[in-house]
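Look for subunit A in each of the two complexes below; its partner is subunit B in the first and subunit C in the second.
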Partner chain A sequence: MNIKETIKLSTPIERVEKALKLAHQGQPFLNAVVTFVDTEKQLDNLQNINPDAPFYGIPIVLKDNVNMKSVKTTGGSHILANYISQYNATITDRLQAAGAIVIAKSSMDELGMGGTNLTAATGPVYNPYDLSRMSGGSSGGSAVLVASGVVPFAIGTDTGDSVRKPASFNGIIGVKPSYGRISRYGIIPYASSLDHVGYFTRNVSDAALALEVLAGRDDQDMTSSFIEVEKYSVDLTGDLSGRKIGYIANVVRAIENQDVLAMFNRLIENMRIAGAEVVSIEMNEDLLNAILPTYYIIANSEATANHSNLDGLRFGVQQAGNDIEEIMSASRTAGFGKLIRKRFVIGSFSLFVENQEKLFRKAQKVRRLIVEDLHRALNGVDGLIAPASGYGAPKLQDTSLDQLSSRYLVAENFMVISNFSGTPSLTQPLGYVDGLPVGINLICHPFEEKKMFEIAAGLEKLTGLADCIREVGE
Partner chain B sequence: MNYETVIGIEIHCELKTKTKMFSSAPVSFAKHQNSCVNEIDLGHPGTLPSVNKEAVIQALKACMALNCTIDPVIRFDRKNYYYPDLPKGYQITQQFHPVGLRGSVTIETAAGKRDVRINRLHMEEDTAKQFHYATETWIDYNRAGTPLVEIVSEPDMRSADEAVAFVEKLRTLLYYLGVSDVKMEEGSMRCDINISLRPEGTTEYGVKTEIKNLNSINNIRLAVESEIIRQTAILSAGDKVEQATRRYDDTLKSTVMMRKKEGNVDYKYFPEPNIPPIRLAAEWIEEIRSSLPELPEQRSIRYTEVLGLSDYDAKILTQNKELSDYFDEVLNYTTFTKLAANWCISELPAYVSQENLSELHTTLTPKSLASMIDKIGQNIVSSKQAKEIFPHLIKGESLQSIIDRLHISQVSDTAELSDIINKTLDEQPQSIVDYHNGKDRALGFLVGQIMKKTKGQANPVVTNELLLAELTRRKPE
Partner chain C sequence: MENYNSAYFKQLAKQLRFDLSDQEAQDIVAEFDTLLNQLSLLETIDTEGVTEMVLPFEDETTFMREDTVKNVFTVEEAMANAPKSKNDYFVTVKVVI
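The block that comes next holds the complex of A and B.
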C-alpha cells in the first residue's frame, strides 16, 4: 500500500502508534533506532497542516546525521553523543511542512563513513531477513526501519552508495537523486562534493511522491539547483515500450553468483517483452577499477576538513585538558573510532602540499575521466542498469572478500559513479538469493528523475516486488 | 656599509556589510559578546556557507580602486588548521583564485612619488576573538565570519615614510569607497609588515621578519624605524637576521620576537566544495564600476583644476573625507571657493573633532556656513567679525540673528566712511605729512583711528581704498 492510500485508510495517531509499536518491538533485534523522538507535539502541530499534504500524519525516520531542533543528533559518533540540534535541516522543515511525523533518528556508520553500519557508536544494525547478517550502511538504520515495516519512508544519505547498497540488502527502494536536487543544509556531512540526501521507500510511487516533498532550491545550500521540481508521482504508468536501456556489461561480468545473474537476465528478457530495447554497454574497465581509490582520496580529504569542527569546544563530548589545544586533541582522540581516525590520516596525507598533486588533484582528474566515461555510456540510452550487489547481505563478521578483486572493485563499488557525476540513481528489489534480497540499480541522466521513476515503475511491475516487508519480533 | 630597506605590507580589512561573509548573522562592533552569531558562525554540524553578495560587491570596488585585474569567476578555498578561534577548523578564503590580481597605487612622500604594486586582493572570513586570562581563555564569536579582504603588496616600499604613506593611502581609498571603517584601533583594519635589509645596490632580498598586529599608523612608523635599526645593527656586526614573526612593544619601543618561522605551515588548501564557482556577468561588474564614488585622487584633481585650489589645500581637504564632503556641500551655496576652502581647512577643525564631523550637518548646515562666507566675500562682514560670529553659528543660531544680537555690521557706505576719513585726516595733519614722506606706519595709524571711530565696523577694504584716494588728494604742495 502506498502513502497516498495509507492516508485515506487510517488516522495519523493510528499510523504513528503502529509505527512506534513495531519500532519498539523490533529494536532489541535490529538495533536500528538511536533516539526515539517525541511525537505528541508533532501530532498536535498537524492542526496547522493541510490534511491534503502529501505526508499528512505519516510516520517517518531521519538518519541520525539530519538536524532536528531540540533532538539529539549524534552522527553515529561518540564525539556527538550528547549533541542536541540547534536548528532544523532544510529537509526536516520540508518534511514537517508536508505533515510527516518523525518518530526516530536511525543508526548509521560513524559520520557516514562506512558501508556496513558496523562502525555506529551504538553498535551494528541487523538485517531483518537474517539477524546474523549486516544491514549495510551507512544508512543502515533507516533501511532496516523501512524494510521491517516500521515506517513507509526514511531519510538516508548517500556519499558512495550509502542508500542504494543497504536498499539492495534489505529489499526496498533506495533513491539518490541528482546532486543539487535536495538541499544538504543541516545534514552532518561526510564529503561535500559527493554527499547526497537520499531516502528509502517500499514502492516506486512513494519514491516519486517523496521527491516532490524534498526537492527544490534552498538558498542555504549554494550547490542546490534552481531547476524546477516536477510532479514525479503524477501519471506513473510504468510503460517500458520504446525505452532504450543499457546494462553495464563490466559489472555483470564481475558478478559470480549465478542466481543473481539468472534473475538479472530474466529481468532483461521481461523488459524486452514489455517493449524496451535493452543493450549491452561497455565501460572503461581501468576507470571502473579506479573508482574505489579515487573515492577514498576525495572523500577522506573532504571529510578530514568537514569534521575539523568536532573539537569538543563549542558542542559535543569534551575531554579534560590543561589548555584549549589539549582539550581539542583529547576530545578528538577519544571521540572518534579507529576507522575514522585512519580515514582522517589518509585525507590529511592526500592534501599535504608534497602529496596533493599526485593524490588529491590526481584523484579529481580521474574523477572527471570516470564521469566522462559514464556520460559516454549514458549517451543514447534512457538509463543504465546493473545488479546493485553481487550477493545478499554479508554476515556481520564476513572478511572473506578480496578487496582488490574486480568482483569487489567493480561489482560492489560501481554505484559510486553516480556520486562522482551527480546523476540520479536508485536501487529497487530484483529478487532473493537464499532468502536474502538483492537489488537492481538504475542510473539516469542528471535531473531526469521523472524518467527514472517511470522506468523504475516499469521494472517494479516486472519483478512484482513492491511493498516488501519483513517484520521482526513477536 | 649602507643598507636599503625593503618593505611589503599585508592588510586585513573588515568589510562594512550588514551580515557576515557566509551567514546571515549581523556584523557589528562592540555588541554584547556572542550575541551576533548563528549556527553557521559557530561551525555547528551540518551548516553550509552562503556567499554574501554585498561583500563581493565591496571587494570588487576595492579591486577597482586598487587597479586590480578582476577574476570574473569567484572561487573559494579551504585553509585547514586547528585553532580555538576558528570554529569550523578551516577558514574559507581565496587561495588559488583571488578576486583581484596585479594592482597598483601611487604613494607620495618627501622623497617623491612611487608606484606600489598590489600582488593580490582576496576575500575571506575573520576568526573569533580570544581573551586570555591567568587561568582561563574566553572566546567571543561575534567577529567569527565577518567579511574581510586581504590586500598584499609587492615588496616595493623602501622606508618607514613609504610604509606609512601606503597604509594611509589604502585607508583613505577604502574609506572613500565606503567598504570599511578602517579603524586600526578597533581592529577593522590590521597590518602585517614584512621587512628586510640588503646592501645598497644589490638586488637579492635579505632575510625578512614579519611584524604583526600593528594597531596604529604611528606604531607602523615606530615599528619599522626600530626594526631597521635592529636589522642594521645585526647585519653591520656580520650576523644574520633570523626569519621570525615579531610584534612591536610600545614600552620597549622595539620589536620583540613572537615565534620563529620553522618552515611553512601546511594549510592543506583545497577548493571549497560547498561553494560552486560563481561567474560574474561583465555587465554587472561594469555596473559596480560605474557606481564607484569619486576617489581622493579624482577629487584632488577637481579641486586644483576645476576649482583652482592650491595643491596643498586640495591635499588637506581630500585627506579627510568628511571634511571634503562638507566642503563640497558648502560649494552648493556659495561661489567664494577659496574662502570656503580656508574656512573648512583652518576654522572648522578647530571647533569640530573628527568624530563629530559627520554629524556637523545637524547644527551647522553647509548652507548656513555658505551664507557667512558670502557675507565675507561681499565685504559685508570682515574676517575678524566672522571669527566672532562663527562660534554662535556653529551652535545653530542663524547668521542674521547673530549679526543683530552682536550689533555686527560693517560700514561700507562710502559717503559715511568718507565723512569719518575726512574727519580723521583733519585731526591728524602730521600723519598726512608722514605718509607722503614714506612713513608706512602712518597709514596703519590712520586706519586704526578710523576703526576706533567706527568701533571696528568699517569695511577694511573700502576704508583702505577711500583713505588712499583722500591722502593722494591731500598731498602737500
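The block that comes next holds the complex of A and C.
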C-alpha cells in the first residue's frame, strides 16, 4: 500500500502509534533507532496542516545527521553524543510542512563514513532478513526501519552508495537524486562534493511522491539547484515500451553469484518483452577500477577538513585537559572511533603538499575522466542498470572480499559514479538469494528523475517486488 | 616508497589533534599496503591535460542577493551546546598565563 492509500485508510494517531509499537518491538533485535522523538506536539501541529498534504500524519524517520530542533543529533559519533539541534534542516521543515511526523532518529555509520553500519556509536544495526547479518550503511538504521515495516519513508544520505547499498541489502527502494536536487542545509556533512540527501521507500510511487516534497531551491545551500521540480508521481505508468536502457557489461561480468546473474538476465528478458530495447554498454575498465581509490582520496580529504570543527570546545563532548591543545586532542581521541581516525589520517596524508599533486589533484582529474566515461555510456540511452551488489547482506564480521579484485572494485563500488557525476540513481528490489534481498541499480541523466521513476515503475511491475516488509520481534 | 611506519602515522595523527594507540597505528601500517596498491591504480591513468573536477556540476548556482536578515540564532541558542559558558562567552582553560 502506498502513502496516498494509507492516508485514506487510517488516522494520523493510528499510523503513528502503530509505527512506534513496531519500532519498540524491533529495537532489541535491530538496534536501528538512536533517539525516539516526541510525537505529541507534531500531531497537535497537524491542525495547521492541510489534510491533503502529501505526508499528512505519516510517520517517518530521519537519519541521525539531520538536524531537528530540540532533538539530539549525534551523527553516529561519541563526540556529538550530547549535541541538541538548535534549528531544523531545510528537509525537516519541508517534511513537517507536508504533514510528516518524525518518530525517530536512526543509526548510521559514524559521521556517514562507512558502508556497514558497524561503526555507529550505538553499535551495529542488524538486517531484518537475517539478524546475524549487517544492514549495510551508512544509512543502515533508516533502511532497516523501512524494511521492517516501521515507517513507509526514511531519510538517508549518500556520499558513496550509503542509501543505495543498504536498500539492496534490505529489499527496499533507495533514491539518490541529482546533486543539488535536495537541500543539504542543516545536515552534518561528510564530503561536500559528493554528499547527497537520499531516502528509502517501499514502492516507486512513494519514491516519486517524496521527491516532490523534498526537492527545490534553497538559498541556504549554495549547491542547491534552480531547476524546476516536476510532478514526479503524476502519470507514473511504468510503460517501458520505446525505452532504451543499457546494462553495464563490466559490472555484470564482475559478479560471480550465478543466482544474482540469473535474476538479472531474467529481468532483461522481461524488459524486452515489455517493449524496452536493452543494450550492453561497455565502460572503461581501468576507470571503473579507479573508482574506489579516487573516492577514498576525495572523500577522506574533504571529511578531514569538514570535521576539523569537532574539537569539544564549543559543542560536543569535551574531555579534560590542561590547555586547549590537550582538550582538543583528548576530545577527538575519545570522541572518534578507530575507523574514522584512520580515514582522517588517510585524508590528511592525501592533502600534504608533497602528496597533493600525485594523490588529491590526481584523484580529481581521474574523477573527471570517470564522469566523462559515464556520460558517454549514457549517451543514447534513457538509463543504465546493473545489479546493486553481487550478493546479499554480508555477515557482521565478513571481511572475505579481496579489496583489489574486480568483484570488489567494480561490482561493489560502481554506484559511486553517481556521486562523482551527480546523476540521479536509485536501487530497487531485484529478487532474493538464499532468502536475502539483492537490488538492481538504475542511473539516469542529470535531473531526469521523472524518467528514472518511470523506468523504475516499469521494473517494479516486472519484478512484482513492491511493499516488501520483514517484521521483526513479537 | 617512503617508510610509513607506526611512528609516522602517530605523528600524523597528532597533527590532526588525536592519538592513535600502538595497535591502531600498526593496523594502519598493515592496511596501507593495500591502500597504496589501490592508489597505484590511479597512476596508470593518463590525466595529461585534464582539469580537476571539484563539483559534479560546474555551473554557478549562487548569485548576488539582498542582504536580508533571516534564520537568526539567539545567543542562547548559539551557546546551548557549549560544554562551559559564562556571560555569553565560551569558557575554556587559560591560554595566556
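Annotations
Assume the second predicted complex is superposed on the first by the 474 of 474 C-alpha atoms of A that agree within 3 Å, B and C clash if a C-alpha of one lies under 4 Å from a C-alpha of the other, contacts with A are read in each partner's own complex, and residues count from 1 in each chain.
Criterion: a contact is a pair of C-beta atoms (placed from the backbone, for glycine too) under 8 Å apart; a residue touches a chain by one contact, two chains touch by 3 or more.
All values derive from a computational prediction rather than experimental measurement.
Touch criterion not met for A:203: it reaches neither subunit B nor subunit C. By the touch criterion stated above, A:162 is placed in contact with neither subunit B nor subunit C. By the touch criterion defined above, A:367 reaches subunit C but does not reach subunit B.
Once chain A of one complex is fitted onto chain A of the other, the partner contacts of A:233 are absent, as it touches neither subunit B nor subunit C.
Once the two complexes are overlaid on the shared chain, A:139 sits clear of subunit B and of subunit C alike. After overlaying the two complexes on the shared chain, residue contacts for A:65 are found with subunit B alone; subunit C is out of touch. By the document's definition of touching, both partners, subunit B and subunit C, reach A:311. Touch criterion not met for A:107: it reaches neither subunit B nor subunit C. Residue contacts after overlaying the shared chain place A:31 against neither subunit B nor subunit C. The partner of subunit A that touches more of its residues, comparing subunit B with subunit C, is C.
Common to the subunit B and subunit C interfaces on subunit A are residues 83, 86-87, 193, 219-220, 222-223, 304, 311, 313-315, 323-325, 328, 348. Residues 82-84, 86-87, 179-180, 193, 219-220, 222-226, 286-287, 289-290, 292-294, 296-297, 304, 311-318, 321-325, 327-329, 332-333, 336, 338, 341-342, 344-346, 348-349, 358-359, 361-369, 371, 403-404, 409, 419-422, 446 of subunit A are the ones that touch subunit C when the two sit in their complex.
Contact residues on subunit B toward subunit A in their complex (touch as defined above): 39, 42-51, 78, 80, 82, 84, 87-90, 137, 266, 268, 270, 273-276. The touching residues of subunit C, counted against subunit A in their complex, run 9, 12-20, 24, 27-28, 31, 34-35, 37-39, 41-45, 47, 50-57, 61-62, 65, 71, 73, 77-78, 80-84, 90, 92-93, 95. Per the touch definition, subunit A reaches subunit B in the complex via residues 65-67, 73, 75, 80, 83, 86-87, 89, 184-189, 191-193, 219-223, 301-302, 304-305, 307-311, 313-315, 323-325, 328, 348, 351-353, 356, 360.
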